[in-house]
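What follows is chain A paired twice: with chain B in the first complex and chain C in the second.
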Partner chain A sequence: MPETPGAELRPDARADVTDVVCPATFAKALAALEDLEKGRILEIRMNDGEAARNVPLSLKDEGHQVLKLRDNGDGTCSLLVRKLAD
Partner chain B sequence: MVVDYAALKSGGFMRQKQKNHFSMRLKVVGGELEASQLKAIAGAAEKYGRGRVHLTSRQGVEIPFIKLADVENVKAELLSAGVFTGVCGPRVRTVTACQGSAVCPSGCIDTYALARDISERYFGRELPHKFKFGVTGCRNNCLKAEENDLGVKGVYSVSWSRESCSLCGVCAKVCREGAISVNDETLVVDEKLCSLCGRCAKACPSDAWRGEPAYLLSFGGMFGNRIAAGRQILPPLTDTAALFRAADAALNFFDAHGKPGERFLVAVERAGWDTFEKTVRAEALYA
Partner chain C sequence: MAFSNEQLTRYSRHIILKEFGIKGQKKLSRGSVLIVGAGGLGSPAALYLAAAGVGRIGIVDADDVDLSNLQRQIIHGTDDIGRPKADSARAGMLAVNPETEVRAVRAFLNAGNIMDIIRDYDFIIDGTDNFPAKFLINDACVLSGKAFSHAGILRFSGQLTTYVPGRGACYRCIFKEPPPPEAVPTCRQAGVIGALAGVVGSLQAMEAVKYLAGIGEVLAGALLTYDALTTAFRKIALPRRDDCAVCGAHPSITAPVDYAQAACDLTA
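After this line comes the complex of A and B, so read on.
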């Protein structure tokens, strides 16, 4: 079993995409990743529903490492993702 | 002049209201055309038609207002650019497809390749009535598989392994059916809810979820005077050869049981769904 990424993972930066809808959620998340160095971890706060269903899949397709998706219990989720691709 | 309308129609020339004018139907597979083909079509429309084309409801292209006297010239000019005429009448029609896994992130199967193979094998085959194939790449069903006489829908046959799972929770969230729940210790799947959409496997960051492309076939759909959704009578097929055995069986069944001018669904209903299902299952699953 691989490492269990969870609460011990500390994000290096945070982004909030709860103010936009698809496809801007993905675009805003990508923009935030651009500002980060490779290997760093970004925490993205997004709305539950469409964004939480689609953004993790899209970021994996872009070549990043999705680590954890937490339900914040307030209608939002937080996705931890490690920047791997340029 | 004696006009052989039947020959014109099988070659995809449809009579218009305007005397001696025909709308020329072109062969398109899976909604895909080369830019060079489009240029040739545009040229023919300007030279022989009225400078316009019609995009049909099933991804076809037609050039209206072709004069009867020009028919052979238009055909020859288009043919030299790799554009073929389509078909109408009691035959296998245009095979439609979405962009599928070659282009679309949601795609589970290579719809273009499959549409080309289906078209290669069946396009233009004469049957008791028209017969439509449609190929859609995933559960989103952009191509509306079930409105076709034979619809193909791409899915994933999925499996999960504990060893490589990090319990990150992504699959539970991306699953639209609520079939997956994850806690700190394990993951639980309710297989009854699983739609085989494959989003868990597509989104899984650690390859704990694996997906194998599979085809869900639907039979007997139509969306014209009568509207009916095609019926699924087979389990998902992971083997393309099995898909073609099922399609062969369906078309042969139509040939054997259909009356001229009768749609596939009507022939199946008269012969009985049980009989049809048995025939297709025997060919697809046990050959």
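After this line comes the complex of A and C, so read on.
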């Protein structure tokens, strides 16, 4: 389903990985994606720094579509990712 | 089932492997392995499988820990001398991973009890040190359609194969029957280098992990030999024998068999 430019991306599920450290951040993101159907969007809240640098790259490497990284202004950011791989 | 933060952290190095992932870890946690022998081979196999998050592990051994075991049986400590090996190994596994369900079985396997003992497990590891036990485990696994890892070590050499029903040779296809007891040196008489047990027992753990997680190719239909002195591995293809007495087209063995065992084997 193509995204309409400027339209709000609505997550189908949310995960918070601010309570674990790398690489468990990525492992927790994968666990959340595992429960979603292909094509669905997951919002992942993570800490700035190592997680924010690594988790998007790792998810992209797994074959998922990284849509948007938003700074929450509180030391965390939220990543929108579409599940594309099994 | 959902993994806790603690589990996701404990198993993170597995989960982030693309080929393994959450799916592989879930399969391990739902899987079960029976390790026969808490000795040189069983020690590293048990520790790695508990650490890996295998859901249920059975450990079978009728012996007590002896000072002469400790040079290679790394799951036991000096304080465990005199303690039943199955109990000591259970404690060792739980120390690594308290989430693992471990059943200690203080018994010698024989033709009368083996079918019942292996029934509840997905994969069997033969970590025994004598031919009668190896043939017994092979026959019971073939007869009950269970995959298992065979290994043997002596002096500086080891060998390994994985039996998967319908995929290549069983142990009896390779060696028709046990040699006469007096013809075989045991570890006790011939010696064995400690780290060799670690190499081969770890390979057995790897086979179990691959089998449970459904990744890669297990060592089915092939024998791997390892010479520690020359650091040489050889892999020899082994097709199933159509005339094998237990897995062949017309098997003569239809129930587990007990063979005589040299007395000194019992404490090797």
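In this section, the second predicted complex is superposed on the first by the 79 of 86 C-alpha atoms of A that agree within 3 Å, B and C clash if a C-alpha of one lies under 4 Å from a C-alpha of the other, contacts with A are read in each partner's own complex, and residues count from 1 in each chain.
The rule we apply is simple: a contact is a pair of C-beta atoms (placed from the backbone, for glycine too) under 8 Å apart; a residue touches a chain by one contact, two chains touch by 3 or more.
What you see is a predicted model; the values in this text were computed from it and never measured.
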What is the contact status of A:D74 with respect to chain B (first) and chain C (second): first, second, both, or neither? neither
Where does A:K28 make contact in the superposed view: on chain B (first), on chain C (second), on both, or on neither? second
Looking at the overlay, does A:S58 come into contact with chain B only (first), chain C only (second), both, or neither? both
Should A:V20 be classified as contacting the first partner (chain B), the second (chain C), both, or neither? second
Per-residue contact with chain A, leading partner among chain C and chain B: B
Should A:E37 be classified as contacting the first partner (chain B), the second (chain C), both, or neither? neither
Considering each complex separately, which residues of chain A are in contact with chain B in the first and with chain C in the second? 58, 61
For chain C, which residues count as touching chain A in their complex? 2-3, 5, 8-9, 11-13, 15-16, 18, 21-23
Residue ranges of chain A in contact with chain C within the complex: 19-21, 23-24, 26-28, 30-31, 34-35, 58, 61-62
Could you pull out which chain A residues touch chain B in their complex? 1-6, 52-54, 56-58, 60-61, 65-71, 77
Complex interface listing, chain B residues touching chain A: 105, 162-170, 173-174, 176, 184, 199, 202-203, 205-206
